[in-house]
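Alright, structures below, take your time with them.
Shared chain: subunit A. Partners: subunit B in the first complex, subunit C in the second.
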Partner chain A sequence: MSAGAGPKAPQTPAGGGAGGGAGAAPASQDASDDAPAAAAGGQETAGAVVLGRGGASAFVAPALGLVGVFLIFPALWTLYLGLTNARLTGLAAAEPQFVGLSNFVRALTDPLFRNSLKVTAIFVVGSAVVGQTGLGFLLAWSLRGWRGPVRSAIEVLVILAWIIPGSVVAFLWIALLDGRSGTLNTLIPGDGGIEWLLRYPMASIIVFNTWRGAAFSMLLFGAALASLPPSHLETARLAGASAWQQLRDVILPSIRGHILTALLLISLWTFNLFTPYLLTRGGPNFQTEVLPIYIYRVAISSGQLGYGAAISAIMLAINLVVALVYLNVLKDKT
Partner chain B sequence: MAEVTISALVKVFPNGARAADGLDLTIRDGEFFALLGPSGCGKTTLLRMLAGLETPTGGTITLGGQDVTRLPPGKRDLAMVFQDYALYPHMTVTDNIAYPLKVRKVAKDERHAKAREAAGSLQLEELMERRPGQLSGGQQQRVALARALAYPTELFLFDEPLSNLDARLRLEARTFLKRLQTDLGVTTVYVTHDQSEALALADRMAVMDAGRFRQVGAPLEVYQRPSSRFVASFIGSVPMNLLPATVADGGLRVGSNRVPVPAHAREHVAAGDEVVVGARPEYAELLAEPADDALAGTVAVVELLGTEYLVTVEDGDLSVQATAPEDPGIGSRAWVRLGERHTLLYRADDGELVDAPRAASARDQMVAAG
Partner chain C sequence: MTATARTGARAATPATAARPPVVGPLLARVGFYVFALVVGAFFALPVLWLLTAPFDADPTLSVAVPSLTLSNFAAMFSNPYVGSSLRNSILLSLGTMLLVVTAAALCAYALSRVRIPGRDLLLYILLLFSSVVSGTAAMVPLFQLINQFGLINTHTGVMLVLAGGLLPAGIFILKDFMDSIPPSYEEFARVAGASPLQTLRDVVVPVARPGLAVVAVWTIVNVWGDFLIPFILLRSPDKAPAAVVMFNFYTEGGQANLRLISAYSFLYSIPVVVMYLFVNRRYGFRFYGGIKR
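What follows is the complex of A and B.
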């Protein structure tokens, strides 16, 4: 327990040197402040001594190994594949040829790839940003003051939508939206007979994904709102702030971190989501062919493994950029 | 400026807690009114009902003659300092102080000037660009106070606004508050745990217990003549002596001693009555010689209060405190004369002063019995 070795540097800015009128007896106060900090430092040092740097590395090594095998290697492999003309079957499957960047160049001019990018963007903005995050916040916000069975019922319903397996949910939605015997058409008075998945394919998958994922952000925002001290809102109310002003000035800034986290996670999930395939198979006429479906079609259905890998690599890069942007914003003055 | 009236105010929380149990009170226009009471007695709840943050279960509140019982907080024109400061962590000190002005659409330059002015009077000038997370507890508290003072209102509600300041700063802030309140003439309700603060600041004060007012009056009156044993034990920097006694042959039997019945209480007691003698140590006299109207005992504890000593004299179960200019020495014999003029008698059964009328139900029973 060599207390002197404790990291004392971070103590300085936290300490009482606040300039103001704190006056009276700073010297004695600082001395008593030091004691617990030094003790904590001592404990850290002790922990490091028990384990040792070598021991600590040994503990981390298996995890790093797994990350390497299952994340880094596939990523590099995808990059490599993207530089070849590999195919799923045939001669090019056995001996793929190195073709340089031609797959990437081809992607830039491929109208279906660009269509897919556009479709994905609409899908992410519609169902992840506006849909899941927005609706989730709205739900959390409106349930905030509620207690009792109604609230529990709504929560259970929303969470159910989240935990039922995707294929089951897809089946339920097909049953709901089907043209001839779908529940929705039965409910709507009149002739009905609207083939929702054909007439409004993009809207359908957006609503589907929103419904499916709102629970996550609802739970996240619910927890965030619950941790907001009531007096913060009350101060605003006393000043006469309207509901909108309270939201803008107090609530949103206070849960900014939660919002960004939710946005990041949900956008990435949605960006990589294959489930729309279960509803529309990317159709009609590629209207709902989001990137994962496009890659599936190119690489698996048409067997162009190399080209598919190249697009996967582009997708990976987009994921990275999105994540970096979010993380940067999050780090900014929190 | 506004007069505050509450009548028959009741607040029962869903969990059954009765935080206000029939409160009646008028706080005069421009008055500095202090609320004092043990933790959990309902001070904050009363303040929150005045602010409109809590809806009363029953009763009415008027502000400046207008019934505001159901009016939302934003329409009541008052400023409140919360027990937990409620500063916005994402705003600088300036923006925090200026926020109520921003809501009221005051131009940026003007509200920043106002914020600086309010902050200056609380010695916060150096900290204007910091965020609350970078301030000490006392500094945060002063920012919260500055925010309340930065815009003109009808009513100040302060919930222990100085509780986290060091002794010197607290005295300064107290003086500042008192001066400011006198200058502005804004009606102020001030919750505090520190009774010296209440005694020093308030024009009038109320002592609360379990959702009721136990005594309402000027500080000096409450200090010198606590209306019940509860208030007597609660008020005073050193606790009042409260000694069980029996009235017998024209005097009071306290343990094995006898002291005279105070003149002002003589006609309210009869032989055989069980009473509690209340006497402040400050008014009691410590004697080194026997005296026939004094309590005899042995000095058990001597505490230095600053300019004088607080001496605890014990005789069997009986323990009585008195102040003395000199240390009598532990273990020596001593006699305590209670100071008859300031001695109060409380009934042993309901804890009220012997000359107070009995509560309605008890009186009815007596009438019926007689």
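What follows is the complex of A and C.
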């Protein structure tokens, strides 16, 4: 590899030079120069000395190979599988037939798929948009300006809810909400225990997921609020703006980018969340069967891989749209 | 419960800036403490069980002052899946971490030092893919792919799939680190006759160590908690990691063994909490915060 790097070296400064005029300067001078353009140029030159294009390709190959096989290829393969009647077992497992769009047609007429879409929408709006983003902002907003043990204690608790492994928090909530001896029922006076997960399954997983993920938006908004220049608020306050007016006219507009980022990322993650399965397994009676659980049930449990792949393709398409909107937001911000 | 939290806060927010100069600060203080109490209770309530039940000689599902004992931890290991699952979790986490850190470091270094046409675009497309192609959306093709490779029910299959999903973000973070390292050291190494791999190992890696540590911890935490991929790719219970075995413990038929479940949850949760404290102390957890998942 070291031999390969030598002959290729002269090519790279040309490439580096395209990035900025400073790229032509000797690298040893660049190292002492803090200007970003000069530093970048210096790296190009050094890269040529140390690595070369051939070496670089060899360095990049393992990562790209893994990502290509286990991330990009599966996405494309879903599209193909969704057009077949592939099954986990039986005849269609060995020789899947091409069935065109019939899986998609079937999805549109399947009441359980439509149920799943509805359940997913409620779950995402309730726990991601209102719950996590809303509560996270509220936490960041209320904690700003406070120092000391109360603030740290709350932050630690919120973050703890976020980092404990998913199957443990799922059981913690099962214990909390248990109908006979759960902590919540022991706190409520009266002897009629409520089976929260059976009586209010959707509300339960929404509150659960709000609790689980509020930390992310709290941290994000906390950083955003801390970066606002205090003079902004001071001016508004001197002009006689109430707290609500300050929030609406000064703060919200200046962290609009952060709000959009939080909304889109959290919605995307919540949309792809499998954790409700650990609490309710989609039940009772499909009331919490969000799309990921639906796919798991039809594709892995019942073995209808082709049909499951078609649903996955729909999910990938929705993910792609959200991600592209997010990239657009990022581009507008910079 | 969220509803109460929100009402409490609405009371707190106007109070914070209520303007009568004498009453204001007091109101704000009271409002803040009410808010803190409600929110604190909401976030603490579910976790309390994890702190009491493992040390209770006779735990129930509700939080209670424990009759202190450590016997749950001793008894736990008589269940054969406790030891095997924790070993599997360690193996999967460390294996995936090695894959991700090695491949991401090589790739990030090359992308940082050599102008490959369209490298920024390439990075963004990879990142885009890693958030669009989630484990859930791709579980069907991943399952099929691992099946075809004959890697179903193997730890290798799980590690490869997890590494593929985590690599783009890992590369992204590390490239940032590599970009901030001045390249002059490497030139000296090169002049002294070191090969690119030697240069990377002896010159770049020591300087980039904080970045590598962040990516390593981040990978371990992600794999440690991941449920879906091992759940669908592993069949035999003795190969399952802790995330899956935990689920099996409380969904198996019959009376749930709370002494086992509580002690096991506690032990299984400790590593991520410790790693969080470590990252928080060393780097401040904003790092950790922004890049989780």
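Please note the rule applied: the second predicted complex is superposed on the first by the 256 of 334 C-alpha atoms of A that agree within 3 Å, B and C clash if a C-alpha of one lies under 4 Å from a C-alpha of the other, contacts with A are read in each partner's own complex, and residues count from 1 in each chain.
As a working rule, contacts are C-beta pairs under 8 Å (C-beta built on N, C-alpha and C of every residue); 3 or more make two chains touch, one makes a residue touch a chain.
Model, not experiment: these values are computed from the prediction.
When both complexes are overlaid on chain A, the residue A:I72 reaches subunit C alone and has no touch with subunit B.
In the superposition on chain A, contact is made by A:A236 with subunit B only, not with subunit C. In the superposed pair of complexes, A:Y294 makes contact with neither subunit B nor subunit C. Contact with subunit B, but none with subunit C, is seen for A:P253 once the two complexes are overlaid on the shared chain. Of the two partner chains placed by superposition, only subunit C is touched by A:T210; subunit B is not.
Subunit A is touched at more residues by one of its partners, and among subunit B and subunit C that partner is C. In the superposition on chain A, A:R53 makes contact with subunit C only, while subunit B stays out of contact range. Looking at the shared chain after the overlay, A:W196 reaches neither subunit B nor subunit C. Touching of subunit A by both subunit B and subunit C, each in its own complex, is seen for residues 16, 18-19, 237. If you check the complex, the residues on subunit A that touch subunit B are 16, 18-24, 229, 231-232, 234-241, 245, 249-250, 253-254, 256. Put simply, subunit C touches subunit A in their complex at residues 1-2, 5-6, 9, 12-14, 16-18, 32-33, 35-36, 39-40, 42-50, 53, 60-63, 99, 102-104, 106-107, 109-117, 124, 126, 128-145, 160-161, 163-165, 167-168, 171, 179, 182-184, 186-187, 189-190, 194-197, 199, 221, 224-225, 227-228, 232, 242-244, 246-247, 250-251, 261, 265, 268-269, 272-273, 276, 285-286, 289-290, 292-293. Residue ranges on subunit B touching subunit A, taken from their complex, read 51-53, 72-76, 78-80, 82-86, 88-91, 99-100, 102-104, 123-124, 126-127, 134-136, 138-139, 147, 166-169, 172. Put simply, subunit A touches subunit C in their complex at residues 1-2, 5, 12, 15-16, 18-19, 27-28, 30-31, 39-40, 42-53, 55-57, 59-60, 62-64, 66-67, 69-75, 77-78, 81, 86, 131, 134-135, 138-139, 141-142, 145-146, 150, 153-154, 157-176, 178, 180-186, 207, 210-211, 215-216, 219-220, 223, 237, 242-244, 246-247, 268-269, 272-275, 278, 281, 291-292, 295-296, 299-300, 305, 308-309, 312, 315-316, 319-320, 323-324, 327.
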